[in-house]
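Please go over the structures that come below.
Below are two complexes that have chain A in common, paired first with chain B and then with chain C.
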Partner chain A sequence: MNLRRFWAVARKESLHVRRDPSSLGLALGIPMLMLLMFGYTLTLDVDHVPFVVWDQSGTSQSRALLAHFTASRYFDFRGTVENYGALEHVIDDRDASLVLVIPPEFARRLDARRPAPVQAVVDGSDSNTASIILGYTLGIISGFNQDITLAQVRRAPGAIPSPALDLRPRIWFNPDLESRNFIVPGIMAVIMGLIAALLTSLTIAREWERGTMEQLISTPVKPAELILGKLLPYLGIGMLDMVIAVLMAVFLFHVPLRGSVLLLFSVGGIFMVGTLAQGILISTLARQQLLASQVAMISTFLPAFLLSGFAFAIGNMPVAVQAITYIVPARYFVALVKGIFLRGVGIATLWPDILFLVIFALVVAGASIVFTAKKLR
Partner chain B sequence: MWERIYTVLRKEFRSVLRDPRMRMVILVLPVIQTLIFGYAVSLDVRHVHLGILDRDQTPASRALAARFTGSSYFDVVAFPRDEAGAHRLIDASDAAAILQIDAGYEGDLKGGRPAAAQLIVDGSDSNTARFVVNYASVIAATYDNELVLDRVLRRAGQTLPVGSVDLQPRAWFNADLESRNYYVPGVIANLVMLVSLMLTSMSIVREKEAGTIEQIMVTPIRPVEFILGKCAPFAVIGFLNVGMVALVGLYWFDIPLRGSFALLSLGTAFFLLSTLGIGLFISTVSETQQQAMMTTFFFFFPAMLFSGFIFPIANMPAVIQWLSLGDPLRYFLIIIRGIFLKGIGLELLWPQFTALLVIGLIVLTFAVKRFHKTL
Partner chain C sequence: MRAEPKPSAETVVEVQNLTRRFGSFTAVAGISFAVRRGEIFGFLGPNGAGKSTTIRMLCGLLAPSSGSGRVAGFDIVREAEKIKTRIGYMSQKFSLYDELTVEENIDFYSGIYRLPKSKKIERKEWVLTMAGLRDHRHARTADLSGGWKQRLALGCAVLHEPPVLFLDEPTSGVDPNSRRQFWDLIYELSGQGVTVFVTTHYMEESEYCDRLGVIYRGELIALGTPRALKTEHMQGAVLEIECERPSDAMELVERLPEIKEAALFGKGLHAVTRDTNAAPAIQAIRAALASGGFRATKVESIVPTLEDVFVSLIEARDRAEAPQAEVRR
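The block that comes next holds the complex of A and B.
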């Protein structure tokens, strides 16, 4: 390892970057634009679910049930329907996501102290939204049942008209359950990983394709110097991307940054080195830009997006797929960024994730140096 | 004319499929990815990791804890001894929630006072947190009802019937709310879009970079013929991909195919028309393969997120909803989900087919025009 030769490669590579301002612009502009777009638009919240009621009972009891729904922040009352055709119509036209059907004998059965069925019709084609809506519905119904029990027990001899169990939820880190606080740090990590792999995956493949690699072979530069020299300018761009992304998250989206800024950028740097090296490894093995870009997209973008826990919780996946997520570096980075931003935890809790990132960076950078050395020989 | 198109087509096929690694990437990887992502993509919240901090250690507190351990929504992973241990579980994401029962729980319960318990929820994943709070409150409310009635039984010596509302959920179109049915067709659409976009966006710019485009220019070929010849192999590959991946969906994931297979093929053809057009357009405006790839990515990422694949379009701001009207993936998702899950036909899907055709023709025209200029 000779610093002078390393520096020469780094300078050559940064000249490449500087002479291609449109690519540089894309590398800096894309993350900004994406964060802007996605930060404002993406939400998994199911709020203000439009619902209509077919109240066949029309009694004070049925109106009391309805009041429980209208009082909830999760539901928006959109009127009533009077027959089955109209019910079908509102679901098909997506005017309502939930229709409550209260049968005529509702009040009579409640007064007779028997279970009274109520139907909840939801559009199941988006299964996620549908099961969330049914969950909220069930929550409201259980609360209503509690009220009925207390009211009916009050008249019994020796009863205490107060609830027996009082469960108080306390939500940490994100008390308002703001979806943005969850999405923005995750998407930040995903975008950075993608940009890093995209930036480098083509650089070495380009040299092979153009035949300039042979020229590099004839120089005294060593594989390690070549690889690390090529990494350096892209690491600079990647860290600049990260500064922009963190600033946007804090000042534009008001995501609380509770942990250490230094730690955040350190793990960002480690992650960057790993993914940049992954791009170099891909291009060394592919030696062709078309193949390199395909592999880079497929091996970084989709896993980072779907297997990192950014939107889909890893705990819900089957065990075999969970095992695969352990080799996706974005998994650790997403966990780290969320941990530092929202939980404000430090190295004491986060060291396993950091360790994995370090190992990943070392292994991949080492592999790309070894393979370059092989190809050069 | 056909002869010239055929020549370009053959050349393009060869240059793409010559490399065995490239054959792997195009033909085998999409199948593997469908297998992995088909399992990964689900927003259902089940088996939430729960820690139980029981500082009362009485039969009553254990009975409350049993309500949570017995639920299919919660997996009890740990019984921390003290508050610090409980907080560590949350900090390290080993548990998404902690049920904390303080000393005196049983005393309050027996003394007729409201007995308090706490549920500490990790809010950093807001989606899971909402689920946890909701289901915990359902469990608590149901249990509270039993406790209240139990008190009456003990004091009055007789059971007291009470009325209750019995919820009967009816989910239309997807009765068991299987999220795989909803997401796997989406994964298919995404993979096909990614592969076809990437291949075409690199196709012309590669010749520009290698300098072979000049050689093509001196041949008598016309731009339209060149573009068609460039497109055709990728259309074939795209079709092959849809076929293979759809088979995985049908036979591995048991996704029902309720609609017509022919219509699905027609929809795929229309969809490929638009993605190939977009890919070619990117290829003609880019100078280097790196630029082409960045631009493709820049197009694909929002196209994927704004298509309704994961995030419901209805929740997005009006401007974005408006923007997503130009997104071919949005229409193809409606087509592929509609045909797979609802079994609907052209009588309902014609607007989507028309939209895809219009987008495809517009971008292809642009690509040809643009290519003409660079010639």
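The block that comes next holds the complex of A and C.
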């Protein structure tokens, strides 16, 4: 490894980047665009659920139940229906995701201290959303039950009872359970991996296609000088992308950044080196730009999107798939970014994930150097 | 750490039974030759004959399927990377970076060849002067004309003053004037003791070489100085014929028993006799043309050109191989 040759390659490669402003624009613009799109559209939150009531009881008790729903920020009251046909209609037209049916004998049964059934008709076409709506509904119903029980007991003579269990939940790190807070750091990791591999996937293949590689391999340049020299300018672009992404996360999406900024960018750099090297390795083996860029895209985006745990919890995956996630570098980077952003933890907690990223970067960079044969086929 | 080549002598390039196969296709079939220090050695052959494959094996860019060779004292199979420190190579396709300027391309290669700082500036100015690009050092390489590109590529290939230079069809697609200038540069380098190995399919270019190897279908079919090839490899005399309607006349001439082969050449015909004594053939041709009604202005014996030699060699090879091909089928 000779420093002069390394610098010669790095300088030449950065000239290529500078001379090609449209590619540079894409390299910086695409991450911004993706972060905007995903940040605003990809939300797993369910709130302001439109709901409609068929109040067959029409009593003060039924209105009290209704008040519990309208007071909740999870539900938006969208009116009433008076018959089954209208009920079907609002669900079919997606005017409401929930119809609450309060039967005529509701008040009478309550007064008689007998269980009063209430029907909840939920649009189940999106099962995840439906179960969340059902959860909210049960929560409100149990709140209403508690109120009634307390009222009935108060009216009766004797001591004031207290409920047996009183759960006071506290959710750490993301107290409002804003899905954006964990989606934005996750998507940052996905985008950085994708862009990094795409940036470098073209570099070696382009030299093969244009014939400049034949000249280059007739010189004494060593594979390590070539690979690392090519990597350096793209590491610069990748880190610039990360700065943009972090600034957008903090100032546009208001994701709290609780941990060390230095640590965040350090692990970003390590992740970047590994993924840039992955792009170079693909480029070296493919020797064709089109093939290389497609392989780079699929081999980074899909695992990062599906297997990193950024949107879909790894614990819910089949065991075999869980095993695969261990070799996906994005898995570790997503964990690190979330850890630093939301939990504010440091290197003492995060070192195993960092260690994996270091190993990944070394192995892949090493492989791309080994596979850079200075031979024609 | 730089291993010095064995102080063996004058032979700079040497190959024995060098062979390269691509699947079932044999691109180079067991060729052997040697090139001496300071020689301009030409490799002449039609497209696809195996010229580029040979040159790539010599530069350590392509592993031979079998056979052996040494370049600048190093083994082409085991010491390919050492060879790369001692050679300059110019591939057939222009292979500098189009989007970089003239100066940036030179700077890149002087970094790759690790030229010391003082040397770097001196060599850069030499290349710019040699290529006539002093006033265009900040021009994008893509905007240069063919001749300029080719001289710049040569300059980048010899920045580190290699003792051996490999040029793969360096003048294809370049105008004749630039081609002449380019050969002046090659002579200059050769005069400084640089060994030049050059492939070409231009006949007039091969006349400039000290020695020539003729390669056809992967085999070396002749080897020698241009003069030796012309005198030793022609078994008959070459006649130049100038007459009316030469393509019709050719059919007539070809059928004469004294004539081995005839081909259109310039405005007339060239015919090769079976016998080294050309006189009977000249008489036969004059008689045949007169009776056929072709007015002949000239029928005389000439010194063969390399093209005559080349055509004759290739036809002899095709005739020798044709019966075998029939049998194989």
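In the analysis below, the second predicted complex is superposed on the first by the 355 of 377 C-alpha atoms of A that agree within 3 Å, B and C clash if a C-alpha of one lies under 4 Å from a C-alpha of the other, contacts with A are read in each partner's own complex, and residues count from 1 in each chain.
Here is the rule we go by: a contact is a pair of C-beta atoms (placed from the backbone, for glycine too) under 8 Å apart; a residue touches a chain by one contact, two chains touch by 3 or more.
This one's a predicted model, so the numbers in the text were calculated from it and none came from an experiment.
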Query - Combined model on chain A: chain C and chain B, fit or clash - result: fit
Report task. Would you sort A:313 into first (chain B), second (chain C), both or neither based on which partner it touches? Result -> first
Report task. Identify the partner contact of A:288: answer first if only chain B is touched, second if only chain C is, both if each is, neither if none is. Result -> first
Requested in this report: Please indicate which partner A:243 is in contact with in the superposed arrangement: first for chain B, second for chain C, both, or neither.
Outcome: neither
Requested in this report: Examine A:214 and indicate which partner it touches, taking first as chain B and second as chain C; both and neither are also allowed.
Outcome: second
Query - chain C versus chain B, contacts on chain A by residue - result: B
Query raised in the report: Is A:142 in contact with chain B, with chain C, with both, or with neither (first, second, both, neither)?
Result: first
Query raised in the report: Of the partners chain B and chain C, which touch A:323 in the superposed model: first, second, both, neither?
Result: neither
Query raised in the report: For A:20, is the partner it touches chain B (first), chain C (second), both, or none of the two (neither)?
Result: both
Query raised in the report: Once both complexes sit on top of each other, what is the least C-alpha distance from chain B to chain C, rounded to whole angstrom?
Result: 13
Report task. Once the two structures are superposed, pull the chain A residues common to the chain B and chain C interfaces. Result -> 20
**Report entry** chain A partner contacts - residues on chain B that touch it in the complex
**Finding:** 16, 19, 21-22, 25-26, 29, 33, 36-37, 39-49, 64, 88, 90-93, 96, 109, 112-131, 133-138, 140-145, 147-152, 155-156, 160-175, 177-179, 181-182, 194-195, 198-199, 202, 206, 209-210, 287-291, 293-295, 297-298, 301-302, 305-306, 310-312, 314-317, 320, 337, 341-342
**Report entry** Interfacial residue positions of chain A with respect to chain C in the complex
**Finding:** 2, 4-5, 7-9, 11-12, 15-16, 19-20, 210-212, 214-221, 374-376
Report summary line: In the complex, the residues of chain C that touch chain A are 56, 59-63, 80-81, 84-85, 87, 89-91, 93-100, 104, 107-114, 156-157
Report task. Would you mind writing out the residues of chain A in touch with chain B in their complex? Result -> 20, 22-23, 26-27, 30, 33-34, 37-38, 40-45, 65, 91, 94, 109-132, 134-139, 141-146, 148-150, 152-153, 156-160, 162-175, 177-179, 181-182, 194, 198, 202, 206, 209, 286, 288-291, 293-295, 297-298, 301-302, 306-307, 311-313, 315-318, 320-321, 324-325, 335, 338-339, 342-343, 345, 349
